[in-house]
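Have a look at these structures, which come just after this line.
Each of the next two complexes has chain A plus one more chain, namely chain B in the first and chain C in the second.
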Partner chain A sequence: MSRSKNLAVRYLAAAVLFFGVMTLSGLMSAIYYINPDFLFGLLHFSVAKMLHIDTMIIWLLMGFMGAVYWFLPEEFGREPAGIWAAELLFWIFVAAVLVVAAIFVFVQWGPGTETTLWLVQQGRKYVEAPRWAAIGVALVMLVFAWNVVGTAVAARRVTGVMAVMSVNMVPLVLLYLIAFPKIDNMAVDLYWWWWLVHLWVEATWEILIGCIMALAMMKLLGTSRQIVEGWLYIEVAMVLGTGILGLGHHYFWIGTPDYWLGIGGFFSALEPLPLLGMVVHAVYDAGVHRMQTTNRPAFYWTLAEAFGNFLGGGMFGFMITLPQLNLFAHGTQWTVSHGHFAFWGAYACGVLSVCYIALQEQRGLARVNGSGWVWAFVLLNTGLIGMVGSLLVAGMAQAFFERAIGGSTLEAFIAGQENPWFMLGMYSRFGFGLMFGAGYVVLAFNLLGLGRREAAVAMKPLPAE
Partner chain B sequence: MGPDVFLLTSLSLGFMVLSAGAYALLYGAARLKESRGLLLLARLAYATLALDAAGLVLATPLALAWKLLIAASALAYLGIPPVTWRFLEHTHRHEGAHT
Partner chain C sequence: MQYDDPKFWRAGAISTTVVMAIVLVMLTIDSLGAINPGGSHVPPYEVINRHIDYAHNRKLGRDMPIVGADEPLFGKPVTTAEATGLIERGKLVIQSRACIDCHTFMGNGAYYAPDLTKAWLDPAWNTWMAITGAESKEEAMARFLMTPDQYSTWQRRMPNLNISRDEAVATVAYLKWLSAIDTNGFPIHFGRMKVGE
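On to the complex of A and B.
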């Protein structure tokens, strides 16, 4: 295997490892809601939550990078430019994530000084990592961009998918720089912070996963380049058309001018439209190929991506995106429900699909099948749907009792938190979280052991006749 | 907007997109299997969507601009599955002609 593919497997393995950390810290965060005394004095809820959302960003980012390093040599017929730097940075990246996680758990916070910003944490959700680590992430992104763009330049040719990916590297690197400034005015800080969170996630990441899934579809189903590139261009147009100004839905109620209510509501409401086309495409592919492929887990995870994105991003988002309704639902567990489902559908399923594609080739498997992946698929998806359903119930209770009836007073907040429907949602979320956790364990074992049993059987000497 | 109306409006919006998904799924399945029964079910799913959208436009206190957006979205949902399907068939036919 090429150096790039070896690096890809390392990145995908690290992604699955941090997926586990995310799941564990998510389960811990869920416990605080049903037992507020949990780890009292040892680990605050905010730290567990920080670990949960930061490792979510990291594992998906590593998954994307692994996927890109996997497909790069196939696209250009050569090793990526600067592969040595990428190989070196991989270990530094993993070590830095582990050190930051240790700082979060054991140091947790510090006084409001520059030293804290540099060494402990920056205190901005999703990008809490201390500055030294944030500089490291920026460096990793820069080398990643060099690997992609530099390879195209060195190969003196570029495919449509790689052209889109190369252009996408510019905002991917630049937008991350918003993680650095320290802005004292909270409204101004949030205004720019959402550029990083929303535009990274709903613009550059959408395009990146679109490119990755385009390459995966060619590999998995043998779909022609012309078709996947045609769809990719449509997706890019849709993302640019709806996703960028959809940013406005995060600008509700944070001190921005009123016109953002109209802009955010309008463009967010358009976001489900392209996702409907994706559902039709998934049905077409599944039907034309009669669900037959040499890699069933990868194919099923691809289908889960299409449907999960539609339901999590489209349906769950549309319920709360119009400003008149968002006024009540903003920042409740309803939003959390939408966030979990949308991230799972839009990104996680795609990364898991690529994991199976890479392992099939790495382990020389003619077919990938068995029952392990089915258990993982069912447990993870049922657990996730159960979790988001529970969060939806809890969020509706909050929006109804605390906001719409109680008028968002402190008393109403407490009443909302103690409401039986809210508590039912929290208990139920934890139960389904355990199911999701069990799914993760099965997935990890399945990925580790994929093809090993077949190889062991093949290597076993035949009995003498 | 009162608490009950808020919850009902929000659920109706979610149901509208869910119906659109059901319509797309059934439409695709109907075209694949060339089944009139499935096509009828797809139309029923769209009818549910249209009724839901009509309810949102006529019976909720949403601002006029959002009602217009909901009506326009309901119409767009009607066209997306057939247009996408035709595009898919066209590109795959085109691919076949080249191979």
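On to the complex of A and C.
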């Protein structure tokens, strides 16, 4: 295998590892809601929460990078430019993530000084990592961009998919720079912070996963490049055409002018369209090719990605971003419900699909199937959908009892959180979280043992007749 | 140009993106003017010297902050430079203690603890003045922030984050300024209805 593909496997392995950390810290976060004394004074909710959401960003990012490093040599017929730098940075990246996780757990917070922001954590959601680590992430992103764009330049040719990916590297790197400044004015801080979170997650990441899924579809089903590239451009036009001003749904209540209510509401309502397009594309291609593939887990995770992205990101997003509903649902577990479904459907399923694609080739498997991946697939997806439903019930209870009836004060917040419907949602979320965790364990074992069991059976001597 | 030619859709993707990006930049320039301190939606930092209230605006159909007569924080008026210093320090405290990873601000955060957008205006502080033995709302807030573990709240407790007196004062100043931002009526019904009524 090429150096790029070896690096890809390392990145995908690290992604699955941090997926486990995310799952574990998510389960811990769920426990605090049903037992508020859990680890009190030792490791508080905020630490588990930081670990949960930050490792989510990291494992998905590593998964994307693994996927790109996997497909790069196939697209260009050569090793990526600067692959040595990417190989070196991989280990630095992993070590830095582990050090930051240790700081979160053992140091947790510091005095109100700039030094704390540089060394301990920055206290901004999703980008809590201290500035020294953020510089490292920016460096990794820069080298990643160099690997993609530099390879296209060196190869003196570029496919449509790689052209989209190359251009997408510019906002991917530039928007991350918003992770650094400390802005005193909360309204301005949140304004730019949403450029980072929304335009990364709902624009550049969507384009990146669109490119990855386009390459995966060609690999899995043999879909023609012309069709895939045409769809990719349509997706780019629709994702950015709706998503750039769809940013407005985050500007309803942060102090910005009220014209954002109309702009954000309108464009957010259109955001499901490109995701519906992906569903149509996936179902049509699967049907045309009679669902024939040599890698069933990768194929099913691709389908899960298309449906999950549309339902979780698109439809749940549509429901919550209408200003009239968002006024009650914003900042409740309703948002959490949407967040879980969207991140899972839009990105996690896609990364898992690429894991199976990469392992099939790395281990030289003619076909990938069996029962292990089916158990993982069912447990993970059922667990996730169960959590989404549970959080939705809890969020609706909050919207009714805390916001609509209660008046959003401290007393109303407590009344909402103690409401039986809310607590039912929290217990149910933990139960489905355990199911999701079991699914992760099965997935990890399935990925580790993929092909090895079959190889062992093949090598076993046949009994004498 | 053929519809089945990817180049047709590539042209559409580029032009759509460019147009939307230009519109976003124009809206950003306008919005930043409104949300800078002293803009149409965000008060200057010296607003911490004034009384702040929250009332329903019939014309706009939503709740809005009302800036009233002089009411200095901790009974001591501050200059513009001092107010700016307090806000700068208060934000540092909020970030260094990762407040947003339990609480929410303007609905953004972790949802485990109450939203702090209008915390300054919360009627609960009247009760907390008695609990902490403080003579003012700001003093009650400062005492709670410094030693939250000494007070019984509800099932979920706030941990002691080693917040010093100066840091607590700056955080209270920040929350007072924050409550005066026009958030288009969020959170709805704030303090106007009581549970059970």
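Definition applied: the second predicted complex is superposed on the first by the 458 of 465 C-alpha atoms of A that agree within 3 Å, B and C clash if a C-alpha of one lies under 4 Å from a C-alpha of the other, contacts with A are read in each partner's own complex, and residues count from 1 in each chain.
Rule of thumb we're sticking to: a residue touches a chain if its C-beta (ideal position, glycine included) is under 8 Å from a C-beta of that chain, and two chains touch if they have at least 3 such contacts.
All values reported here derive from a predicted model rather than from experimental measurement.
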Task: Which superposed partner A:Trp118 touches (first chain B, second chain C, both, neither) - done: neither
What is the contact status of A:Gly230 with respect to chain B (first) and chain C (second): first, second, both, or neither? both
*May I ask you to decide whether A:Ile405 touches chain B, chain C, both, or neither, giving the answer as first, second, both or neither?*
both
Once chain A of both complexes is superposed, is A:Trp375 in touch with chain B (first), chain C (second), both, or neither? neither
Max touched-residue count on chain A (chain B vs chain C) belongs to chain C
Examine A:Gly160 and indicate which partner it touches, taking first as chain B and second as chain C; both and neither are also allowed.
second
**Asked** Once the shared chain is lined up, is A:Phe180 touching chain B (first), chain C (second), both, or neither of them?
**Response** neither
First (chain B), second (chain C), both or neither touched by A:Phe328: both
So, A:Tyr284: does it touch chain B (first), chain C (second), both, or neither?
first
In the superposed arrangement, which partner chain does A:Ala415 touch: chain B (first), chain C (second), both, or neither?
second
In chain A, both chain B and chain C touch residues 226, 230, 328, 404-405
The chain C residues in contact with chain A across the complex are 4-6, 9-10, 12-13, 16-17, 20-21, 23-24, 27-28, 30-32, 34-37, 40-42, 84, 87-89, 91-102, 104-112, 114-115, 117-119, 122-124, 149, 154-157, 159, 161-162, 164, 167, 170, 178, 181-195
Note: in the complex, chain A contacts chain C through residues 32-33, 36, 40-41, 44-47, 49-50, 109-114, 116-117, 120-125, 128, 160, 182-191, 226, 229-230, 232-234, 236-237, 240-241, 244-245, 247, 251-261, 263, 327-328, 330-333, 335-336, 401, 403-415, 417-418
In their shared complex, chain B is touched by residues of chain A numbered 224, 226-227, 230, 262, 265-266, 269-270, 272-273, 276-277, 279-281, 283-284, 287-288, 307, 310-311, 314-316, 318-320, 322, 324-325, 328-329, 396, 399-400, 404-405
Residue set of chain B touching chain A in the complex reads 1-3, 6-7, 9-11, 13-14, 16-18, 20-21, 24-25, 27-29, 32-33, 61-63, 65-66, 69-70, 73, 76-77, 80-81, 84-85, 88, 91-92, 94-95, 98-99
